[in-house]
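I have a structure I would like to understand better, so I am pasting it below and will then ask my questions one at a time.
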Amino acid sequence: MIIVMKPESSLKEKEEVINKIKELGYRPHVIHGTTRDVIGAVGDERGKFVLQSLEYMSGVEKVVPILKPYKLASKEIKKEPTIVKIADGVSIGDKKVVVIAGPCAVESEEQIIKVALAVKAAGADILRGGAYKPRTSPYTFQGLKKEGLKLLAKARKISGLPVVTEVLNPETAELVAEYSDILQIGTRNAQNYELLKKVGQLKKPVLLKRGMSMTIQELLMSAEYILSEGNRSLILCERGIRTFETKTRNTLDLSAIPVLKEETHLPVIVDPSHATGYSKYVPAMSYAAIAAGADGIMIEVHPEPEKALSDGQQSLTPEKFSEMIQKLRAFVTAAEREK
Amino acid sequence: MIIVMKPESSLKEKEEVINKIKELGYRPHVIHGTTRDVIGAVGDERGKFVLQSLEYMSGVEKVVPILKPYKLASKEIKKEPTIVKIADGVSIGDKKVVVIAGPCAVESEEQIIKVALAVKAAGADILRGGAYKPRTSPYTFQGLKKEGLKLLAKARKISGLPVVTEVLNPETAELVAEYSDILQIGTRNAQNYELLKKVGQLKKPVLLKRGMSMTIQELLMSAEYILSEGNRSLILCERGIRTFETKTRNTLDLSAIPVLKEETHLPVIVDPSHATGYSKYVPAMSYAAIAAGADGIMIEVHPEPEKALSDGQQSLTPEKFSEMIQKLRAFVTAAEREK
Amino acid sequence: MIIVMKPESSLKEKEEVINKIKELGYRPHVIHGTTRDVIGAVGDERGKFVLQSLEYMSGVEKVVPILKPYKLASKEIKKEPTIVKIADGVSIGDKKVVVIAGPCAVESEEQIIKVALAVKAAGADILRGGAYKPRTSPYTFQGLKKEGLKLLAKARKISGLPVVTEVLNPETAELVAEYSDILQIGTRNAQNYELLKKVGQLKKPVLLKRGMSMTIQELLMSAEYILSEGNRSLILCERGIRTFETKTRNTLDLSAIPVLKEETHLPVIVDPSHATGYSKYVPAMSYAAIAAGADGIMIEVHPEPEKALSDGQQSLTPEKFSEMIQKLRAFVTAAEREK
Amino acid sequence: MIIVMKPESSLKEKEEVINKIKELGYRPHVIHGTTRDVIGAVGDERGKFVLQSLEYMSGVEKVVPILKPYKLASKEIKKEPTIVKIADGVSIGDKKVVVIAGPCAVESEEQIIKVALAVKAAGADILRGGAYKPRTSPYTFQGLKKEGLKLLAKARKISGLPVVTEVLNPETAELVAEYSDILQIGTRNAQNYELLKKVGQLKKPVLLKRGMSMTIQELLMSAEYILSEGNRSLILCERGIRTFETKTRNTLDLSAIPVLKEETHLPVIVDPSHATGYSKYVPAMSYAAIAAGADGIMIEVHPEPEKALSDGQQSLTPEKFSEMIQKLRAFVTAAEREK
């Protein structure tokens, strides 16, 4: 932590800051500058009193953090990439790029089985489908809930694809974990710390979506919540951030991929369907995600998008999905990955 | 809903859109324009199939919603302002402006009682204090939990001030409701719909903070979740939105006050402490909030901000808080309100 | 400047950074931390080689600036507030709050004179009106140009109000300066440095609007361009920043007022008309601006808003403007200012 | 244009809106809805009175535009892609992907010639280099100006690469056009309409960078300014938008590529150097840009990034640039393009 003093700060103010730093268990170190002094507070802040509040002290201009606030998610602790095993032959984070596909919501047995078989045939590795749906409006379809979980399990059995589905609250987390191979934390719950702690205690892989107004650092802090509870099978997912642009639902932040690859050992996948909000933009952004270094993509596929109970306009038909996966293979090869 | 067709769309495509509109229970209405046709779909979408997915149909350029997606939160349903009664002599939304004050977190019996008495003496109407703290880092103080709730109850008894505290998950909502006069939904849980439904079923007033990247319309949709479960004692809180500006923690969106006053009958308060992140900016923004038409303000006060276990830099001392409330009175009068 | 080294950086890398710092004329100062070293580079960067590029050096994690990049705009150089004299009896930045009012664009002699007399009667101190209009679309009204300047001068003569109008490029800056009492730099030109330098060389007061995606620090850097050319008669104007919210045209960042009052000696006014984009929200935000500490407000007034050639929906009628100024007086008094 | 009436609007208010629509030369068309009426105003708004101001009329809730506000930039006018010829064998927008490379600023003859030869050898098609530099701070290097233009011309002669450099104001536009093969409009001038008109009148290809807080629609409106002055040799450039994320300088909006490809016939290139701000993220984002469908990339290359007079931390060394171009070829092939 670097404490920057105001140019006009007095000797007494500096002494008080130095004493406070010592009192809190850090080692102070003063640099006399040309217009102002700067005091370094040496010591690891994680798990200790946070020095940010020193900004309140008289004579202090600002407090600048130096250390990253996360540990377990960081490459400083673990250099080699984390590979999360999902099922026999399906892992996320190794040389093979993973494709997750399926409808926004599980709507019926016929629908989910049809999609499962279609995406499998097209090359998908994992089936997605929402049983519990967090919808902006209380008047829209909220998911089939437990019935949806059962249908997912049936689709898994028939297709052989492992499944991922969203968990909405700590109470139902264990139930979801019984049926699903991956527990998804959605964008609206990415800072729901009670839920993060709960899935951190379970033994199932977790797919953590970036909150739509979360910085990359905050995403890593949410990851830290899960990791610090003991669950190390964690996958991060970039799914678009909120900006002023309205031609797309959100702005897909693909730069987050190389940044995360620099900062963390965790695998990173991309959801271009929710990010762009329009199926017509999904192929281009899927190719770009792989080119940027993503470990996989997550795509919405629906047999009849115009009849979908949620987010139809961002779903590909099975035919267009299949066509996209064909083209994707060239980008996978260019990225020196496999599919 | 207005469906805008592409200029080059065919007659057949138009017919298919018209048929689909009828099939879904709406009445189609075509306007032939100079460069393209536009089809109105007449009917109330709330509770019915959402037409947005028609964007997927061939020949459709875009789908523009006309109706507001919320009902119970809207002035169309209820014209007169909602007044939420908190305790004897304390309501939010009537002529009297309300002042909520207290520490970010309850830290000890001494601390919370000291603050409670100090803010009461300075003119606060309600005591705030976090027992369950949603913190970005798992390594920082997470609150005293149930012990904190008990200390709040004690502080209420001694000071006579009703209390507000945050509820973090559906499981502990009832416990919090036993101790607290108002249930606060924090910014990170503002789209945690499971939690919104739960507090919607309880009989305690709810204070809903705007999510930091939530549009005003989404805030009203989250309000709709609570209202539609039966709880009509709801207060909205503007607490800053996420922008590119870094001199303040968030950007306080005071325009949200006149917008909300135009759109909804619900009372609106402002939290300038979390919004600005620096106690030095809190007085100016408190005065501005009242001038903009807010029904109240929510202020962090801590006896020793530099020792606070969370968010010390944004807390006022009791002395500065008292001074601010003195100045605030003139703005309350200018706004033709009372304090 | 603080150079943060990577935890695994070698001794040689540190030495190279230290040598580079010396070579560039700064004094290095090493702090050995628990997990990584930090090197302070002591010396004033302004006017010298910028050390940010050291981030490129091997072993460097990041470079953190300590000094503020502006001088003349800063309170470190000039503590007392700047008062900009506009005309006899009209200054900006002293105890009296200033009201600037008029149409978005000068449309005709009748229109501008009618508005000038109306806003004067209602209490305005300065007349605004665009002669050169920067419009998003090339197909919309671009202003009366020189003819508009002459009409403004005529309106000044008849009403006695000094005038402010926008200058769009260096070529016409002198012409505008002949007719106008204040030269306005619009939001889209706030980082048009050629234009900033040009008005910095003229002898007329300048009103610099914040760019809609400019940080407060960047606004002060643009101010520095004008000040460093010799023109010290500068007024800053907050006019809304670009965010994800769509209920208002931009998001008025009123926190910028206390922040600017902390950072600079320059006067600060607020334009709620362009910020909100709707006349119905202008009164509330005008009151809030004054309560937050603004030195004045700038309001669009048009005799027939529904016929305005630009931005009609954000213009007040003279009647509503007059009513608003009446109510504003109470807030001016509450703010311990005069009107 | 769709005018949405308030639910409680009176018959008289509707009639007045209808009359106003007719008076302004449009054809009104009423749709009676279940809760409110909607009035379509049929007619092309471009070049006529803008109906947005009808929002001011009594009884009107909102006005929703239907037509796109740009014509010449749109695919409705011109379906086939625009190919901009730069020099013999160098075009932008055809099957061949273009690579523009060079230093942020021209610093010396030695530097620019060294870079020119190095990037040519590595596979660049066009040389970039700033002669006039728009810098946030007046205290940093502002470019060699005319001297820089001459050095660029020399580098062109020696390397054979056509050059692109930024034009800062209308006054020097013709001078720049004498020396440069492409006129670049930088992000801070993307809504400097006087400058857009000026380059629209010249006969040189223009490279228009997206303003950092410009929507895609506004970018197309700025393009429209240039096109409507007669210059049809226009290339658009995505270079990152301003968001809350701080790990990168801006957020590269790669979704803008498929959106622009849907909306306009103009070629689109990407500048990952300015977008990310760190050379270490440039290769990943260059690959992603090509995968997303960009017609080219623009890369900063400097022989000694740590000594660069501007933006060193985002410049690649010639070696790293060469390595990147090697890898890029596989992505170019995957995208079914050529290099």
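The first chain written gets the first letter, and so on, giving A, B, C and D; residue counts start at 1 in each chain.
Note that contacts are C-beta pairs under 8 Å (C-beta built on N, C-alpha and C of every residue); 3 or more make two chains touch, one makes a residue touch a chain.
This one's a predicted model, so the numbers in the text were calculated from it and none came from an experiment.
Colleague: Starting from the Cα centroid of subunit D, hunt down the chain whose centroid lies farthest away.
Modeller: B
Colleague: Centroid from C-alpha atoms only, then distance subunit A to subunit C, rounded to Å. What do you get?
Modeller: Their C-alpha centroids are separated by 38 Å.
Colleague: Can you check how far apart subunit A and subunit D are, centre to centre, with Cα atoms defining each centre and the answer in Å?
Modeller: Each chain reduced to its C-alpha mean, subunit A and subunit D end up 31 Å apart.
Colleague: Between subunit A and subunit B, what is the separation of their C-alpha centroids in Å?
Modeller: Averaging C-alpha atoms per chain gives centres 26 Å apart.
Colleague: Multi-chain contacts only, two chains or more: what residues does subunit A have there?
Modeller: Answer for subunit A, listing residues that touch two or more other chains: 213, 242-244, 246.
Colleague: Have a look at which chains touch which and call the overall pattern line, ring, star, complete or other.
Modeller: Topology of the interface graph: complete, with all chain pairs in contact.
Colleague: What part of subunit D is in contact with subunit B in the complex they form?
Modeller: Residue positions touching the partner: 2, 4, 7, 29, 31-36, 38, 40, 42-44, 64, 66-67, 76, 242-244, 246.
Colleague: Within the complex, which stretch of subunit C touches subunit B?
Modeller: Residues in contact with subunit B: 213, 215-217, 241, 243-248, 251-259, 261-263, 275-276, 280-281, 284-285, 287-293, 330-331, 333-335.
Colleague: Spell out the part of subunit C that touches subunit D in their complex, as residue ranges.
Modeller: So the residues of subunit C touching subunit D come out as 20, 46-47, 49-50, 52-57, 63, 69-70, 134-140, 168-171, 188-189, 191-195, 197, 211-213, 218, 221, 224-225, 228, 242, 278-279, 305-313, 315.
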